[in-house]
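Two complexes come next, and they have one chain in common, chain A, joined by chain B in the first and chain C in the second.
== the complex of A and B ==
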C-alpha cells in the first residue's frame, strides 16, 4: 500500500472519530456544560489550577503524551505485518484511546480536580490506590530498562550518534543557563542552541566514538542520574526543550519525505500469527501501547490538563484531539518501518542488528533523502533524535522513580528518602534488567504495566458513570477488552519465560549475546516475578472493581450492601 | 480575508506556545508560588501564634493578599502522590 494512503487513512479515522463518536459522547453522555465552573476556575491559584487557553493546552497535552512510545511500538509490531499494527492503531484510538484520555480528564474535572490516587481510593478501594502506585513504579523501572537497552544498542552500533548526544547535552545545559540565569532572549537562545546542536550532529559523522553496549548503558544511566538529582530547570528541562526542536524538524522532514516520495510498503501486510515475542493476540496489543492507548495519558489528563481547562466543552478538543494527533504520529512510525526498507528481510536484519532505534534511523534517513539530505547525516540525525527522545524520557522517569522509591519504601527504610540512594537503587534494578533480561520481553512487560494503568483508569470512569446513572458502556467494553488482553499477555509472557529457563538450563536455547546462561536464567526469573506481581495485582483490582461497580449499578443487592470506604 | 487569517494565526500561535514552551514555564510558576507562600507565611504568621516581623508594614499589605489565602490553604492541604505527574514534569 502507498504510504500516503496509510497517512490519509489515519487522518480520516481521526476526523470521523473526533467529529462523530467523540462529539456524540461529549454532548449526549457526558453532557459537557459550558456554564459549569471547572476546577481551574473555582480553585485558581496560579500554579496547579490555572485556566488556560485550549489551544495552548492541546500543544502541551500532545507534547506530554507523545514521546518514544508511539514510535517504538509500531516499529516492533511490523514483525506481525503492517496491517495488524495499523488496524490496532486506528481502531484502538477510535474506540479506546481517546475515550480513555478524554474520560480521565472529565472524571477529574467533575471531582474537583482530584488526582487518580485519591479517586481510585474513593471510587474502588484503598488498595486500588496502592495497586496503581505499584503499576506506576514497575512502569517506570521497565521503561528505564527498555529505553536504556535501546539507547545503548543504538550508540554501540552507530558510532556517529554518541558525539551528537554529548553536543546536545552541552547545548541543552547552556540553554538552561542562558534562559533562567542570564535571562537571554528565548528566541535568540533557541535559535543559537538548535543551530549548535545540528552542527554537533554533523561533527558526529566525522568524530565517531566507538564503545561497547555496557559502556553506553552506564553512560545513559549517568546522564539520567544527573537529570534526576539536579534542579529540573538547570539540566533536564532545557535539554528536553532544545531536543524537541530537533525531533520536530525530523518528524516534519519525514512527513514531507512521505508526501514527496510516497514510498510503497515493501514489508508484507501480514507475516505470521506468532512471532518471537508471542502471538498477535494478546501481545500486539501491549507492544503498541502509546500509539493506541496508554495509561500514562490518564495521569497527564487528570493531574495536569483537568486542572487547567477553563471550560468543560474544551476537553474534547484538548484530550481527544491530542490523542488523534498521536495516532497520526504512530501511523508515521508504521510508514518509516514498512515503506523504507527494500523488503521484510532488510527490516528484520536491521531489527536484529540495532533494534527499533536502528530501524527508525535508517527508515527516517531514507525519507529525508527525498528532501536531498545526505544519507550519512540523515542516519546520524535520525539516530540522534531517537536516542535523545529516549534519554530525555529516561531522565524524567528516573526522577519519578527516585520519588516513587521514597514514597513507597521511605517509611520502611528511611535511607531511601535520600534522593541519591533512591535514584541509585532504581538505576541498579534497571542495570540488572538490561544486563540479564531480553529486550522483547521487557518491552512486553512495560506495555503490560502501562495497559493495566489504562484499564484501571477506564474502570474508574465506568464506576463513576454508573454511579451517576449515565450510559457507561462506551468505557466498560474497552476496559473489559484491555483487562482481558493485558492479563493474558502477562500470563503468556511469564509462561514463555518459564519455558525459556528450562531450555536455557538444558542447553536447547542459547543465551542472548553478551550474556551467560546463569545471567539469562536470572533475567528471565526477575521478569517472571514482575509479570506475576502485575498479574496478581490486576486480578485483585478486577475483584475490587467488580464490587465497586456492583455497588454503583445494583445498590439494593448484596453487592451494593457492603461498606463503602470514603476518602 | 485579513481578519480570517489573523483568526487562524492566533490559535496556531497559542498551540505552538503550548507545544514548545509549556514545560519551560513550570519552574518559573513553581518558584513564584514558593516565594509567594513564604511572604504569606510571614504576613499571616500571627494566625499561627508566631510574631510577625515588621508588623506595621504587614498590616498594610494584608488586604492585598487576602484573596491568595484559599489557594494557599488548598495547596498546603492537598494530598500529593505519584499520580500528580504534573508536579514532576
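== the complex of A and C ==
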C-alpha cells in the first residue's frame, strides 16, 4: 500500500472519530456544559489551577503524551505485518484511546480537579490508590530500562550520534542560562541554540565517538541523573525546550518526505501470528501502547490538563484532539518502518542489529533524502532525534522516580528521601534490568504496566458514569478488553520467561549478546517477579473495581452494601 | 502568567481577578488563526516550562507565608515590624495558599 494512503487513512479515521463519535459522547453522554464552572475557574490559584487557552492546552497535552512510545511500538509491531499494527492504531484510538484521555479529564473536572490518586481512593478502594502508585513506579523503572537500552544501542551502533547529544547538552544548558539568568530574548536564544544544535549534529558526522553499549548505558544514566538532581530550569527544561524544535523539524521533514516520495510499503501486510516476543493477541496490544491507548495519558489529562481547561466544551478539542494527532504520529512510524526498507528481510536485519532505533534512523533518513538531505547527515539527524526523544523523557522519568521512591519508601527508610540516594537507587535497578534483561520482554512489561494504568482509568470512568446514571458502555467495554488483554499479556510473558530460564540452563537457548547464562537467568527471574506483581495487583484491582461498580449499578444488592466509599 | 508574556515578548501586565482571567480576556483563547498557531506553538514548546516556573515560585511563597503567618495568628516569629511590612504581600495570597496547602496530594499530583 502507498504510504500516502496509510497517512490518509489515519487522517480520515481521526476526522470521523473527532467529529462523529467524540462529538456524540461529548454532547449526548457527558453533556459538556459551557456554562458550568470548571475547576480552573472555581479554584484558580495561579499555579495548578489556571484557566488557559484551548490552543495552548492542545499543544501542552500533545507534547506531554507524544514521545517515543507512539514511535517505538509500531516499529516493533511491524514484525507481525503492517496491517495488524495499523488496524490496532486506528481502531484502538477510535474506540479506546481518545475515550480514555477525554474521559479521564472530564472525570477530574467534574470532581473538583482531583488527581487520579485521590479519585482511585474515593471511587474504587483505598488499596486502588496504592496499586496505581505501584503501576506508576514500575512504569517509570521499566521506561527507564527500555529507553536506556534504546539510547545505548543507538549510540553504540551509529557513532555520529554521541557528539550530537553532547552538543545538545551544551546548547540546552546554555539556553537555560540565557533565558533564566541573562534574560535574553527567547526567540533569539531559541534560533541560536537550535542552529548550534544542528551544527553539532553535522559535526557529529565528522567527529565520531565510538563506544560500547555499556559505556552509553552509563552515559544515559548520568545524563538522566543530572536531569533528576539539578534545578529543573538549569538543565532538564531548556534541553527539552531546544529538543522540541529539533524533533519538530525532523517530523515535519519526514511527513514532507512521505508526501514527496510517497514510498510503497515493502514489508508484508501480515507475516505470522506468533513472532519472537509472542502471539499477535495479546502481545501486539501492549507492544503498541502510546500510539493506541496509554495509561500515562490519564495522569496528564487529570493532574495537568483538567485543572487548566476554562470551559468543559474545550475538553474534546484538547484531549481527544491530541490523541487523534498522536494516532497520525503512530501512522508515520508505521510508514517509516514498513515503506523505507527494500524488503522485510532488510527491516528484520536492521531490527536484529540495532533494534527499533536503527530502523527509525535508517527509515527516516530515507524519507529525508526525498528532500535532498544527504544520507550521512540524515542518519545522524534521525538517530539524534530518536535518542533525544528517549533521553529527554529519561531525565524527567528519573526525576519522577526519585520523588516516587521518597514517597513510597521514605517513611520506612528515611535515607531514601535524599534526592541523590533516591535517584541512584532507581538508576541501579534500571542498570540491572538493562544489563540482564531481554529488551523485547522489558518493552512488553512496560506496555503492560502502562495498559493496566489505562484499564484502571477506564474502570474509574465506568464507575463514575454508572454512579451518575449515565450510559457507561462506551467506557466499560474498552476497559474489559484492556484488562483481559493486558492480564493475558503479562501471564504469557511471565510463562515464556519461565520457559526461557529452563532453556538457558539446559543450554538450548543462547543468552543475549553481552550477557552470561547466569545474568540472563537473573534477568528473566527479575522480569517474572515484576510481571507477577503487576498481574496480582491487576486481579486485586478487578475485584475491588467489580465491587465498586456493583455498588454504583445495583445499590440495593449485597454488592451495593459493600465497604467501598460513596462515589 | 509572566512566563507566557515573556515568551511572547510582551510587557508584564497587572494581575487580573480570577473571574476576568477565566471568562473575558486574560488567557481566553483568541480566535484568529495566527493567534491560534502562536498559542499552539507556545503550548507545544514552553507551557510546561511556565507551569514549572509557577510551581517553583509557589513553593517559595509557601515558605514566605509560613514565616509571616505567625503574626496573623498572634504567634510572632519575625520581629513584628518586618511582618507588618510584609503583610500586604501575603494577605492577597492567603485564600489560594490555604487551598493548595489543604488539598490532599500524592505522587499523581507531582507529575504534571
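Simple rule for what comes next: the second predicted complex is superposed on the first by the 564 of 567 C-alpha atoms of A that agree within 3 Å, B and C clash if a C-alpha of one lies under 4 Å from a C-alpha of the other, contacts with A are read in each partner's own complex, and residues count from 1 in each chain.
Keep in mind that, in the parts below, a residue touches a chain if its C-beta (ideal position, glycine included) is under 8 Å from a C-beta of that chain, and two chains touch if they have at least 3 such contacts.
Note that the structure is predicted; figures quoted are calculated from it, not measured.
Chemist: With chain A superposed, do chain B and chain C clash or fit?
Modeler: Overlaying the two structures gives a clash between chain B and chain C.
Chemist: Could you say whether A:232 touches chain B, chain C, both of them, or neither, answering first, second, both or neither?
Modeler: Both partners, chain B and chain C.
Chemist: Which partner does A:51 reach: the first (chain B), the second (chain C), both, or neither?
Modeler: A:51 sits against chain C, while chain B stays out of touch.
Chemist: Quick one: is A:43 in contact with chain B, with chain C, with both, or with neither? Answer first, second, both or neither.
Modeler: Both partners, chain B and chain C.
Chemist: Applying the touch criterion given at the start, work out whether A:299 contacts chain B, chain C, both or neither, answering first, second, both or neither.
Modeler: Both partners, chain B and chain C.
Chemist: Go through the superposed model and pick first if A:515 touches only chain B, second if only chain C, both, or neither.
Modeler: neither
Chemist: Kindly classify A:340 by the partners it touches after superposition: chain B alone (first), chain C alone (second), both, or neither?
Modeler: After superposing on A, A:340 lies clear of both chain B and chain C.
Chemist: For A:462, decide between first (touching chain B), second (touching chain C), both and neither.
Modeler: Neither partner.
Chemist: Regarding the shared-chain residue A:224, is it in contact with chain B (first), chain C (second), both, or neither?
Modeler: Touch partners of A:224: none, neither chain B nor chain C.
Chemist: Report, in rising order, the residues of chain A that make contact with chain B in one complex and with chain C in the other.
Modeler: Touching chain B in the first complex and chain C in the second, residues 43-48, 50, 52-53, 55-64, 115-118, 129, 132-133, 136, 186, 232-233, 237, 240-241, 244-245, 299-300, 302-304, 400, 403-404, 407 of chain A appear in both lists.
Chemist: So in the complex, which bits of chain B are touching chain A?
Modeler: 10-12, 14-24, 26-27, 29-30, 32-33, 68, 70-72, 74-75, 78-79, 81-89
Chemist: Spell out the residues on chain A that touch chain B in their complex, using ranges where they run on.
Modeler: Checking each residue of chain A against chain B gives 43-50, 52-53, 55-64, 115-118, 129, 132-133, 136-137, 179-180, 186, 231-233, 237, 240-241, 244-245, 299-300, 302-304, 307, 396, 399-400, 403-404, 407.
Chemist: Using the touch rule from the top, collect the residues of chain C that touch chain A in their complex.
Modeler: Interface residues on the chain C side: 1, 4, 6-7, 9, 18-19, 21-23, 26-30, 35-37, 39-49, 51-58, 96, 99-100, 104-112.
Chemist: Enumerate the contact residues on chain A facing chain C in the complex.
Modeler: My answer: residues 40-41, 43-48, 50-64, 115-118, 129, 132-133, 136, 185-187, 232-233, 237, 240-241, 244-245, 248, 299-300, 302-304, 310, 314, 400, 403-404, 407-408.
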